[in-house]
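By letter and in written order, the chains are A, B, C and D; residue numbering begins at 1 in each of them.
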Amino acid sequence: MTDNTFGKLFSFTSFGESHGLAIGCVVDGVPPKVKLQEADIQPYLDRRKPGQNRFVTQRSEADQVEILSGVFEGMTTGTPICLLIKNTDQRSKDYGDIATQFRPGHADFTYTEKYGIRDYRGGGRSSARETAVRVAAGAIADIILTRILGTSFKIQASIVQIGPHKISSDRFDASEINNNPFFCADAQTALIWADYLDDVRKQGSSAGAIIEVVATGVPSGIGQPLYAKLDSEIASAMMSINAVKAVEIGAGFSLSEIAGEIAGDEMQMANGKPEFLSNNAGGILGGISSGAPITARIAIKPTSSILTTRKSIDTSGKNIELRTKGRHDPCVGIRGVPVVEAMMACVLLDLMMRHHAQTTILPEANS
Amino acid sequence: MTDNTFGKLFSFTSFGESHGLAIGCVVDGVPPKVKLQEADIQPYLDRRKPGQNRFVTQRSEADQVEILSGVFEGMTTGTPICLLIKNTDQRSKDYGDIATQFRPGHADFTYTEKYGIRDYRGGGRSSARETAVRVAAGAIADIILTRILGTSFKIQASIVQIGPHKISSDRFDASEINNNPFFCADAQTALIWADYLDDVRKQGSSAGAIIEVVATGVPSGIGQPLYAKLDSEIASAMMSINAVKAVEIGAGFSLSEIAGEIAGDEMQMANGKPEFLSNNAGGILGGISSGAPITARIAIKPTSSILTTRKSIDTSGKNIELRTKGRHDPCVGIRGVPVVEAMMACVLLDLMMRHHAQTTILPEANS
Amino acid sequence: MTDNTFGKLFSFTSFGESHGLAIGCVVDGVPPKVKLQEADIQPYLDRRKPGQNRFVTQRSEADQVEILSGVFEGMTTGTPICLLIKNTDQRSKDYGDIATQFRPGHADFTYTEKYGIRDYRGGGRSSARETAVRVAAGAIADIILTRILGTSFKIQASIVQIGPHKISSDRFDASEINNNPFFCADAQTALIWADYLDDVRKQGSSAGAIIEVVATGVPSGIGQPLYAKLDSEIASAMMSINAVKAVEIGAGFSLSEIAGEIAGDEMQMANGKPEFLSNNAGGILGGISSGAPITARIAIKPTSSILTTRKSIDTSGKNIELRTKGRHDPCVGIRGVPVVEAMMACVLLDLMMRHHAQTTILPEANS
Amino acid sequence: MTDNTFGKLFSFTSFGESHGLAIGCVVDGVPPKVKLQEADIQPYLDRRKPGQNRFVTQRSEADQVEILSGVFEGMTTGTPICLLIKNTDQRSKDYGDIATQFRPGHADFTYTEKYGIRDYRGGGRSSARETAVRVAAGAIADIILTRILGTSFKIQASIVQIGPHKISSDRFDASEINNNPFFCADAQTALIWADYLDDVRKQGSSAGAIIEVVATGVPSGIGQPLYAKLDSEIASAMMSINAVKAVEIGAGFSLSEIAGEIAGDEMQMANGKPEFLSNNAGGILGGISSGAPITARIAIKPTSSILTTRKSIDTSGKNIELRTKGRHDPCVGIRGVPVVEAMMACVLLDLMMRHHAQTTILPEANS
């Protein structure tokens, strides 16, 4: 099944397991004559890279991307671009009982139920390692979107909650996001999270998180009604990321409690252009972008690999108690930030191309 | 664009506008030799039908479904099934200023931005009327799933919150759901909602809602990693429904606040079968069903058509004040319940067929 | 399966059986603001309509198309267009033994093998009646292509051979094509075919045909390498038409006998524009249009329903002899001409939109 | 665009250029628990490998396939399989005027027209080198099909014509096919072709060919009406191969000259099973396999790279004369034989999975 392909016009097809030889993807639909080399993609991967501080997994991966095709003399040619990231730190010597035991919260049980076989090394295909591929593909999407939309276009994600600790919205300062290990828009909240996660790790526990993403500079008209709505495609993209269990657009769940006369964002003209007086819709009406910033929030569950002993079963159907060993992120949500940005870029470019195909093919708009 | 098609192996392609001649869909991938006639589909549509009580729109539509193809002598033939629902109560005489004014919260503005033209009669394509088509297609999916999985299979949605009023989980009684106009699992809560919505309507306002859906009897193994995960497909399906702005699977957003050792559902053997001791994952691990009930919650924004005056602009770029006239649901969430069930059925059947294709094509499982 | 959908960006999803209530399709991806009404589509259907002369089936069908959605005040809105053609002359009273007997050359046996059930009335879904749907969808494609490309664009098919009688290429006069019942580009050859087919019918036999189609005014650059090549998509489209068993592009099979220095079409500048000195490639190099006319030839087998007694088996596995009764075309190829044109239009528009999406999305071509 | 993906349920996504770092593909939809290692795929590639005799290009490529993912301990896991073939003999030093000149019969001109840029080294993406990828993917399909269908299943292609020299059908001996450099089913004809091609090469010319492919042991029921017919999918697959310009199924073009009572294959029971008395339909009726051998014939144009001087233009729009230098196949059709077999295997497995999904999902066939 092409169920490892994301997108229709701008798409990528992903492959690879955590401890196999390599992970990578084939990016298709890239417009020709875009300047592109490995050095353009690498900074996106570096943001996601493990081993950069004590709050993310200590697995040491270079995450060096190689372009195998589709680029000629530093320019895209319109043909598919294969991106390869070799697995260097596989440490595949000792997997202990992982082959026969199902870790709670992991995909061990369900992969086995589905396929009757699983590559248990480091979680195999279900490992968050695969998200490096998304970041690489998303980098290309982001580069192209910036070419199309200019510098007013920007996708920025940040963590707004870890465990019970939320960032206060009045302290949100986007310029802080890249100044701390948490992609946190408030230096003070970052300190609270640091203390909290140190505790969590000492207790052999883990924490969940909420990521907020905002895309500014997206023109109106993007999104296909009714089944490839911009909301639908964002929700699908985000839910396809490991450990994500909830997505909301704009005011999201809180819309269930707001009165209709507040929920529907009013409009007025400002400097000759339509402006929304609020953004409960998260920049999307009827599945189509309105020109207001696209906003979404994503919940990521706590890392399932923890040092606490838990009840489970093994492949022979016996009850067991198990404790996950090894290096793990106390909060996988943190490294999710560049992944969320990447998936948003892929969704937006794909839908822009679909919109463009249908609405600009006629030489003049009126017959 | 085939952006009006939902599903890959079991799919439906939708068409029609609120006040056009008809709405309908072409259902493809239906297995042959399934007993099917209009009377099998009609009860599903009757649950969604408007005009049944004072809490839903008073538009009077028969919503009578016709099967135009794909069924022969009361049996499906494997060829595409066209389902047609004629629009009878179109009342298209007077649309007033709707052609030139953008109603807050509606798709009026974005359709115009996208296409440069819109069928403004009753919201055109963006009207919730289109959801009747989904219910009809979902009926076929539900009938087939029941044939495959037997009577232990059931999809049941209900409203768990309207405005600020939540149903208490300890009062949840599934047998109550069809006994009140709100698909509410508690008779007492239903009374509270009735009072609340009477107030809302008197004030010319509207209310949002949260729908919960549970699918029981779904076998393990359903869902395609990594991009057609069961979570992704559910999220995409639900977000494609009008007015939906948030989706969570299992414990969803609350997973961001729960410690790792609680979040990951423990397992034990029970009567020789694996059993989960909790269901924070909503029956899905690594994108694949685990055998536990599939659970999701969906937020629906308040009806955008309200009798309160609001600020907006018109097609000529002038600031205006407008008030939506006509018959409208004070809470569109209510009629969303059968739609949510229908979309869940379509997702499950589609993914079951994809799973089946890949994992049972070999004569024996081991080489 | 969405295996009843043709096309990706411009697509149609077909439904209906020969003797059901109606046939039709949902056309998706139509650009907005194209003037369109039933009267624009009807002339295309009228060319294909049965019962117009003694060389095609005497079934009398009005083939009146209805637009059910996607058009508002005479303009397309960008939403899906449902086209409906009711079956009026079904004559479904007496099907004799057709329910239990497999007619040689028909799909009776294979539909039964595949689905275990078949709608045997008039061939059900496998009837050439479905091609009316293609002509209706193709009409919309042709109208849009003409809007985009202007009057230099034209798709014209004609019959170039019936049974053993070929039209001489030096007598080919395109202006004759619509002057005779055979879409023949030579009046004299048409007379020969008339005599030949009268004989064929008297003998209770039938004849095959070859259709040639030429699309002029197609710009260079259309076609996606490597798997959605223009050659591939044309071949697939043509082979999806009933009774078609062969397709060749340009010089086709004869290229196997031509020397390389003749086969590869030379180029020279003419009036400042590239010109091909021959067209063995049929206007397609590397799967992409070159600007030269797109040419293809399609073989259609003789009508399988004939009055001659033939050997077969029945559903109980007994040997039988059978003779097809009823009204049938002595040469189904004739009515195939508008169908071939329609499929060519759908292929070209779909691929143009795909090309447009990828290559014009960047504001300027060079970075 | 995912236009570099072939197939829906069993699919492969291809990448790579002739003189880039590597070519390869991602194979998706592979059933789990199939024994697979590089040594299983390599023999298929070895049959296609250049440099094996004087009738194919002297480029020397190891064509060594590497499995990067999707296989664990020698078994497929159900996750995508990345196959990589490094380009070793790139000889990319001197391309002379190829960057600015359009070779007749090549894709140089059309890639430039489409993308405004092309990787001119060895034809870039349009090189026949990409067909190695198809052979590798097809190997996996063939291995799985053999697992499903047993040893009665076999796909065999052979050359039946080179230039004007056809193999006589009464001399066809399948056991000869792998005994000569031409995949020729008759040793004597092979000698004629050897002489003929030696002449062709001496004259700096090239020759076309016709390949015939037969798939035996394919069950009835495979193929999706009406737009993913087995005929359509075969035609599309074959036309997607470099230099292919014509495809016919069964009696193909000759059906236009055969009378209806001969064209439609009669049936009789033989040993309790249905048997066709002829096979003009090439094993496909109504787009669905009948159980008879699937037969097709494919025309391949003469190699476009020839040593004869020809007229063309360059990128600046000047008339030129050019002669292709370097190592080339005098008849590219020869190496096409394993490619045709590979594409047939991919088509059959993909359609078998689609058929399987729809028709075996119900526990019992009758309700």
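Note that in this section a contact is a pair of C-beta atoms (placed from the backbone, for glycine too) under 8 Å apart; a residue touches a chain by one contact, two chains touch by 3 or more.
Given the structure is predicted, the values throughout are model-derived calculations rather than measurements.
Q: By the contact definition above, name the pair with the higher C-beta contact count: A-D or A-C.
A: A-D
Q: Going through A-B, C-D or A-C one by one, find the pair whose contacts repeat those of B-D for over half of the pairs by residue number.
A: Repeat of the B-D interface: A-C.
Q: Between subunit A and subunit B, what is the gap in Å from one C-alpha centre to the other?
A: Going by mean C-alpha positions, subunit A sits 26 Å from subunit B.
Q: How many angstrom lie between the centres of subunit A and subunit D, each centre taken as the mean Cα position?
A: 38
Q: Return the distance between the CA-based centres of subunit A and subunit C, expressed in whole Å.
A: 45
Q: Indicate the residues of subunit C shared as contacts by at least two other chains.
A: Within subunit C, residues 1, 3-5, 8-9, 14, 29, 32-33, 75, 78-79, 114-116, 125, 225, 354, 357-359, 365-366 contact more than one other chain.
Q: Under the touch definition given earlier, write down the residues of subunit B that touch subunit C in their complex.
A: 1-5, 7-9, 11, 13-17, 20-26, 28-29, 32-33, 66, 68-70, 72, 75, 77-82, 114-119, 121, 124-125
Q: Please give the residue numbers of subunit A that touch subunit C in the complex, ascending.
A: That would be residues 8-9, 29-35, 75, 78-79, 144, 147-148, 225, 352-354, 356-363, 365-367 of subunit A.
Q: Touching subunit B in the complex: which residues of subunit A?
A: The touching residues are 1, 3-6, 14, 102-107, 109-111, 113-116, 125-126, 130, 161-164, 200, 204-210, 220-221, 223-229, 231-240, 242, 244-261, 263-269, 272, 274, 277, 280-282, 284-291, 299-304, 306, 308, 310-313, 317-319, 333, 354-355, 357-359, 365-366.
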